[in-house]
Amino acid sequence: MCRWLAYSGSPIPLEGLLLKRDRSLIDQSLHSQLGATTTNGDGFGVGWYDGGDQPRLYRSTHPAWNDRNLRELAAAIRSGLFFAHIRASTGTAIQETNTHPFRHGRWLWMHNGMIRDFPRIRRELVLAVDDSLFTSIEGTTDSELMFYLALTFGLGDDPIAAVGRMVGFVEETGAAHGVDNPMQMTVATTDGRTIWAFRYSTEGSSRSLYFSTRMDSLKAAYPDNEELAELSDETRAVVSEPLGDLPGAWNEVPESHVGIVKVGEDELRTFAPAR
Amino acid sequence: MCRWLAYSGSPIPLEGLLLKRDRSLIDQSLHSQLGATTTNGDGFGVGWYDGGDQPRLYRSTHPAWNDRNLRELAAAIRSGLFFAHIRASTGTAIQETNTHPFRHGRWLWMHNGMIRDFPRIRRELVLAVDDSLFTSIEGTTDSELMFYLALTFGLGDDPIAAVGRMVGFVEETGAAHGVDNPMQMTVATTDGRTIWAFRYSTEGSSRSLYFSTRMDSLKAAYPDNEELAELSDETRAVVSEPLGDLPGAWNEVPESHVGIVKVGEDELRTFAPAR
Amino acid sequence: MCRWLAYSGSPIPLEGLLLKRDRSLIDQSLHSQLGATTTNGDGFGVGWYDGGDQPRLYRSTHPAWNDRNLRELAAAIRSGLFFAHIRASTGTAIQETNTHPFRHGRWLWMHNGMIRDFPRIRRELVLAVDDSLFTSIEGTTDSELMFYLALTFGLGDDPIAAVGRMVGFVEETGAAHGVDNPMQMTVATTDGRTIWAFRYSTEGSSRSLYFSTRMDSLKAAYPDNEELAELSDETRAVVSEPLGDLPGAWNEVPESHVGIVKVGEDELRTFAPAR
Amino acid sequence: MCRWLAYSGSPIPLEGLLLKRDRSLIDQSLHSQLGATTTNGDGFGVGWYDGGDQPRLYRSTHPAWNDRNLRELAAAIRSGLFFAHIRASTGTAIQETNTHPFRHGRWLWMHNGMIRDFPRIRRELVLAVDDSLFTSIEGTTDSELMFYLALTFGLGDDPIAAVGRMVGFVEETGAAHGVDNPMQMTVATTDGRTIWAFRYSTEGSSRSLYFSTRMDSLKAAYPDNEELAELSDETRAVVSEPLGDLPGAWNEVPESHVGIVKVGEDELRTFAPAR
């Protein structure tokens, strides 16, 4: 469906992960190896934090591989916390408002996967969005709606619980309409300090998700790697599929787990929907 | 806000009204004389009937004046019933799904004006859309939502009554939220045979709307006009502002009226919201 | 690099070859099986004749697979002679003026392949374009320049000789600059009546090219095929790779040959550059 | 035709001049007061320096007023030297490669005006571009070609002399083809340290151009203006038409003059083409 990456750590130019390596995200837009679709050419987006009240967004409906502005901006923009996403539409319109990451206040959200039979249950899901949030919905994707449901369920206070309630609500609503296995997702969300990365699907067979090995271990394994040497020990990336092929650099997020990337020790916890 | 035209009559290339005359719709995209905004550069759309089950659409987010494809297609496409619209956004996103005309089944719909304080009452309006229609809403404009409310209220059976109920519902909902003068509109809709063109606003001061003089009268007044000579007596156009400046060719639709363009005698009736 | 198709015969809606079959051109934009690249997502174009002085063009920089307007127009437009092309850029900018087919007067031109080391010899090639044609060049591709060179060398009078001189000139210019195997091409061109389809490369290893079997033979082989029954015996398509997989329907154009599709008997001749 | 601004001084977010003031450049894209056209909706571009080997570019074919990415980037990007341009095409295609500013190595270039009867003399002008520069030309505008001619004539060594030779060459070529008053221009160019801003036309009636008053004088005149207080005394802007309406803030560049904005005292000199 889509491919995404989330980065937290030493400020770097975005092009470091988007462009300048084998199997970069831009490479994956043409030739994904692990995705449900090999081509992810239905637009892309980048969201990043640079100290302001809310993150910045650059989103486009062009394929990432042929957008010159993306190359300029990925070289010009440095950030210590950013999201990037390349889209393969499952049918909804190709427009910036359907392009990830989505933003609300300090929060970013991006998704790979789908709500199955979304048109059948969309109205019921929309009705559950809080009145105060409703008019901020700008597009028509399942992904953005999942974000607004999570916000409704308290994303700002307890992200894991809120995402759990969102998933539970989607599964209940799907079940009530006879939808098998309603939820298929890898999701990343952040408030600009912590990243939460979820891997979950109703059927227990989720899209791929990987997190990078601790920097101190990687540096120890590759003492001569200059790129690694410049990165702080806190630096971490979470990705739909590995960038590059450094042995030992990438680890699969297990089924039904959430990774928490934050100042101090990162965590990996089991994740289950709330019923 | 926007400018539009609706045409019914002898099949002509679209460029006849869109491009090839003074004060054509394309001219108005750069220099509207009667519009609330002089520039209507936030996209455009054309919908036309060519004998199939549903009308065709060509919509773009580019300004109409610089879109080369529009020039090609306006020359290539002939139709005896078409709508054209140039947009000046009042804030919603510039994307094809927010571009008029909107289509549902055999129906087309386009709008100039606005629902005032739309974000405040949008959710309540959305909830009133029929369940079966809900997921066909693709954009986020007030205009498209008015269409789906009218469909919900029976546009397919009795268009004037349905639009009356839609307007009444928007006015009631606005009143309940303390919105002054919620509705400002000129609207055209068609099922491919008849065109209904409404001019209405809560405050009784609506955007401009004009209909062309009966062809037999125009031909009698201008016996040497070759362009007129080729058009059937049934030919009629309804426009936001006059195309060209042939004296006697254009007549204002009065406040709170609906014009009905159909096979046989056209009609002009008073229009009032249903409460 | 790219994929294209040229059609001549009974007027059909463009969607018949662009969309409504297995391995349609749109399918090939995402998953080409025989192309040098699997994804052809850097824009597309359609050119067709409808009786006017020059052909019509619809060209876009969006990927063909996600352009809604293309779907509308491919259903609305019928033609008995049309070209369609999906692009995979080899580096030049993604813009409509770099998108095939190219048009000059009555002529259309489209190309799959490349002039090797084009930047090194581009200026010398540009200088050879006739003064009166020079300012009609709108883009920066090798493909468009090949068209204007062929026009300079008499495309309007003797297309095969003119293309031969164009290829010869490119090869001589390349040789003078030490470029190995300067020309790699399949090219289609038409004046609205006859189609010439060339398969040639300096190294004798050209991109794939196929022509459809004579309709009378195909109808005899598939007497129950309703789609074939509606097509005249003169109907013929030339394509970068087969559309669909009807056994016996497609035949490879041999290396260094040109196919001529015209009223009366079609022809297949050897093709060689003029020195 | 177009509107532009050039800024040099204390690093500021681009939005300070592009968006956040009355009569900002974005305002001028909809409602220019002094331009040859009121609407400048045929794309825009921003070029800025951030310490690298070459300036960055963000260019788009959308109208500046409705491009969301521009708003994000204008807030995110800070620079002490930047160019911004909004385009009103005089006929050449709407594409990024025809959008100003143009870049070559360290240099930026932007233009308001035109070469009259450009198609008639274009080929002769193109032929004068140095062989090594030729293939860097990506678009088809007179503006970009003026840049490459100036580069050919030594822009990198002596910008005023090179622009003088470029103008002289265009005027000579025009005269040889019977073109009256070939050159109409305001041009800004920079190497990332110094800005040269030219106002010239063959007929001595050039497009408007203004430079801001010395900051020390402005601060003395407006001691309570907080925005001014934050800007260094070296800060200077050159614009097609004044931004805002602070009395005394803007001064017209005289006919046939060039302004030089640099470290130390700025200069204003007469400018004449070299024959």
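First chain written, first letter: the chains are A, B, C and D, and each begins at residue 1.
Note that contacts are C-beta pairs under 8 Å (C-beta built on N, C-alpha and C of every residue); 3 or more make two chains touch, one makes a residue touch a chain.
Quick caveat, the model's predicted, so the values are computed rather than measured.
S.K.: Starting at subunit B, find the fewest moves between touching chains needed to arrive at subunit D.
M.R.: So the least number of steps between the two chains is 1.
S.K.: Between subunit C and subunit D, tell me the centre distance in angstrom, where each centre is the average of that chain's C-alpha atoms.
M.R.: Inter-chain centre distance comes to 41 Å.
S.K.: Among the residues of subunit D, which ones contact at least 2 other chains?
M.R.: 68, 93, 96
S.K.: Among line, ring, star, complete and other, which best matches the way these chains touch?
M.R.: complete
S.K.: With touch defined as at the start, can you tell me which subunit D residues reach subunit A in the complex?
M.R.: 50, 52, 56-60, 68-69, 72-73, 75-77, 96
S.K.: Hey, which residues of subunit C end up touching subunit A in the complex?
M.R.: On the subunit C side, the touching residues are 30-31, 38-39, 41-42, 61-63, 65-66, 68, 89, 93-94.
S.K.: In their shared complex, at which residues does subunit C touch subunit D?
M.R.: Touching subunit D from subunit C are residues 93, 95-97, 119-120, 122-123, 126-127, 131, 134-135, 137-140.
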